[in-house]
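First chain A sits with chain B, and in the next complex the same chain sits with chain C.
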Partner chain A sequence: MKDSIISVTDVKRTYKTETGYIKKKRRQVDALKGITFSVEKGEIFGLLGPNGAGKTTMIKILTTMLTPTSGKVSILGFNPVTEMNSLRPHINFILGGERNLYWRLSAYDNLAYFADLYKLPRHEQKQTIDDLLELVGLTDVAHQRVETFSKGMKQRLQIARGLVNNPEILFLDEPSIGLDPVSARKLREIIQHLNGKGTTILLTTHYMFEADELCDRIAFIDKGEIVDIDSPENIKQKTDNVSIIAFTVIGVNMEKLNELSRLPNVQHVQSSKQDYLTTIKLHTRSPQSIVPLIYDTMPGFVIQDLTITKPSLEDVYVQLIGGKVL
Partner chain B sequence: MMRALFQTIRVHMGLSMARPMFQFIIWLSPLFLATIAIFIYSSASPEEIFHYVILGSGFMALWSSIVFSSASDINRERFYGTLEIIFVAPVPFVVILIGKIIGNTVWGFLSMVISFVYLMIIFQVEITIPNPFAFVSAIILVLFALIVFSFFLSLAFTLSRQAEALMNFIEYPIYLICGFMFPVTILPLWVQPLSYALPPTWAIELLRVVTVENSTFESIKIPLTGLLITTMIYVALGYSCYRAVERKARISGKLGVY
Partner chain C sequence: MEGILRFARHSFLSYKALFGWLDPKVYILVMVMNPISQILFFAVLVNYVYDGDDLVGYIGANALILCVLNSVFGIMSIITSDRRMGTLQLVMATPVNKIGLFLSRSLAHVLNGLFTSVLGLIFGMVIFQITIPLEAILPLMTVWMVSIFAACGLGLIIGCFSLWTPSMHLLANLLASSLLLLSGANYPQNIMPDWLLSFADFVPLTKGVELTKQLLNEGNYSNVIPLLSAEFILGICYFVISFLFLKYAEHLSRVKGTMDLD
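The block that comes next holds the complex of A and B.
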């Protein structure tokens, strides 16, 4: 059995906010409502959930930025609230987006400065920085100012920054947000490479295929609570032999979608509209009997690209957490 | 730790100078301030010119560099998105912040020197320092006091958004309240307690006293004591603000909120 190097037990986090000057209105938001999970050494663990689910709050607690309101957290045997100074040299984190770097410094100078802040011995610094720049494919632009970089290059430099102290655990908060497909793939390769070298990774993402490809286990988190936690394969199997019938139509209205949701054996209907095309997904255990009914329900509509597939992680996510569900 | 401090000074000096506004504050602003001061005091005695033109305009240059750098450094890091990263680095945040303030103060001191040199070359103002050792010692103490005061300001402006809005407006009131270009004693009586509660008032007074011909320890004692006491008070206030910022960051979770 592997060792748990992150252990989170019944963690709650409440934010209190005030608005107004004379007549102050106080509001309390429960960002985390009793989260429990553990991460094993060498794992890639994903936290998935919609905006405002509590993912970033959880990452901030784990990286010593924030204290939990209650509950117990242990990382590498350290308490991040009381033993943060002992913990910090062993971990690092990368936030999504293109900020979080000094744009007016070169890539090399950024890494050299953060290496100093992580107390990397001077004799190791040059080799480490050269290796990191090579890992993220920025050797040729090492001495260019970051402000001249593309978003993907900045993201890769952030990865390098997060590795200056060779962390045992790397926290990634939506690392591929806003990246083009090629840069996102390169990022996933780097994450897999790091994991291959033994780095434990905890990441949050909105991209289900990314979580499916990278994560050993994932936790779905919604409204501050864990909805499910398992390997992607096991989670997909939990849909209990449900199949997804997906097709696109032009000009479908709400009334028609309601009719589809009332078809026998249809558990769930999702729809997403892009320009004039609407993609509809029906979750059902008996797809062969439903297909003819779809055509009967939608006379006069041109039904295109109809497929029957097993549910993806995204379908499971939508089923568990929501989305545009009828 | 010391390496991180020196690297922070070096990196921060580079980052500050990359800002066009800061370049103006350091290289050009002292020339305007010195010119205004010399025209105002053109018929004054050499001693008054030294005290209120050279030291006064030099101090204004130094203060401007503090207002437009140290006072807003934490908020600038927040804007860059690097605040959270340096906050959780193994090197204590206080070391990084002090490194930044020392870097800004070095630039501010350079700005002060530019003001001196400009007045000497362009306006042929004579600078005579009767006791160079006392003057250099006083300068070191003054810079230390201003670093402490900047540390307090940087954290105080971080704690309150209302205070942050004041940041850009405190440049000129401090010129006036601390008597950079005239003796504080000519200010209305009700303003003077505020003047004496601020280290820059005692700092410039100390520099004036140590540059008086035949100055004695007795004459230096009052501004020196005043500077030491106010500096110690601001050390305590700065420490309290630091703890409050740390608490606010980790408990209210507003570290990265701009």
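The block that comes next holds the complex of A and C.
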């Protein structure tokens, strides 16, 4: 049995705010409502959920930047609330986006700066920084200012920064946000490479295919609660033999979508519009019987690209968490 | 030795990373032309008002006051720029000792402030054709170094306020003009009302300005040790207060969750 190096038990986090001076208005938001999970050594663990679900709050608690209102957290045997000084040298975190770097410094100086902050011995620094720059493919631009870098280069430098202390656990908060497909793929390769070398990774992402490709296990989190937690394969099988019928049509209206949702054995209907084409997805257990009914319901419509597939992680996400479901 | 080198590199890289005026054109305009025009204005004014009496002391005092560009605006940037770049929360979550970190960040501004003040003094000496005794140079630099350190401590307190308010330039400009007013750089301190004088005792640069005048006008070195010690203790107190503010901000961010360091 593998070792559990992150253990989260019934963690709650409430934000209390006050506005106004004379007539104070108090507001309470329950960001986490009793989260429990554990991460094993060497795993890539994904936290997935919509905006405001509590993912970043959870990452902040795990990286010592926020304390839970109640519950227990243990990381590498340390309590991040009371033993943060002992824990911090063993972990690191990377936040998505272009900020979180010193743009006026070169890539090399950024890493040197953080190497000092993590008290890396100076005689080890040069070799470590050179290795990290090579890992993320920035050796050629090591001495260029970060402000001249593309978004993908900045994100890769962030990965290098997050590895400067050779952390046992790396936390990634939406690392591929805003990246083009090539940069995002490069980033995923780096993450897999790091994991292959034994680094435990906990990541949050909105991109389901990314979680599907990278994660050993996934926790779906919504409104501060864990909805499901398992491997991507097991989660996809939990849809109880549901299939997805997907097709595109031109000029469909809400009334027609409502009619589709009332068809027998249709569990969900999703629709997304791009220009004049609407893509419709029907979740059903009996696709063969539904297909003729679709044509009957939509006479006069040109139905294109009709496919029947097993649900992807994204479909499961939509089924579990919601989204544009009729 | 490793600790000292790390401290020095922190200082240098923080200055390079966070100080917005490092572009040569901007530096010359803001950190050279601006102080030179300021010292020129006040030197002409005091020369006219006091008919040239004690001019060297007034020029020296005004040269010291030029350090506010670093000790107020520069120091402020070590928190405001860090937060704007999204790096403050990363830095706060590292295992480094935060007191040492912010002291090292302040060191570059103490040195830059000293450079700006010396530049102002040289300019004043050239324009008004005045000289200062050779033996006064070392004590004067020591006095300035300690005074600028104390001013940086107060500047860091103001910088901490940037975690609560976005209106930092109002506060920074208020502090800069208050230092000019209370230090007595352009008039004898004893003409100030008593209440203002007692207030000035707790403001950095006041003792530095007084010592500058005594060293350059009277060649009086007898007050260097007591006044300089008081200025140094004042600086330490300001730094301690600023660290308490930083700790409180970290508490609000971490425990209460009502402040976002990002």
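In the analysis below, the second predicted complex is superposed on the first by the 325 of 326 C-alpha atoms of A that agree within 3 Å, B and C clash if a C-alpha of one lies under 4 Å from a C-alpha of the other, contacts with A are read in each partner's own complex, and residues count from 1 in each chain.
Convention: a residue touches a chain if its C-beta (ideal position, glycine included) is under 8 Å from a C-beta of that chain, and two chains touch if they have at least 3 such contacts.
Fair warning: this is a prediction, and the values are worked out from it, not measured in the lab.
Aligning the two structures on chain A places chain B and chain C in a clash.
Of the two partner chains, neither chain B nor chain C is touched by A:271.
Legend: residue contacts after superposition of the two complexes on their common chain; A:155 is shown touching neither chain B nor chain C. Residue contacts after overlaying the shared chain place A:15 against chain B and chain C alike.
Applying the stated contact rule after C-alpha superposition, one finds that A:100 touches each of chain B and chain C.
Using the contact criterion defined above for the overlaid structures, shared-chain residue A:66 touches chain B and also reaches chain C. Residue overlap on chain A between the chain B contacts of one complex and the chain C contacts of the other covers 15-16, 63-67, 85, 88-89, 93, 95, 97, 99-105, 109, 112-114, 116-119, 122, 161. Those residues of chain B that touch chain A in the shared complex are 1, 3-4, 7-8, 11, 14-15, 18, 80-82, 84-91, 96, 249-253, 255.
The part of chain A that touches chain B in the complex is made up of residues 15-16, 57, 60, 63-67, 84-85, 88-89, 93, 95, 97, 99-105, 109, 112-114, 116-119, 122, 161, 165.
Taken in their complex, chain A has these residues touching chain C: 13, 15-17, 63-67, 85, 88-89, 93, 95, 97, 99-105, 109, 112-114, 116-119, 121-122, 161.
Contact residues on chain C toward chain A in their complex (touch as defined above): 2, 5-6, 9-10, 13-14, 16-18, 22, 85-87, 89-96, 101, 253-258, 261-262.
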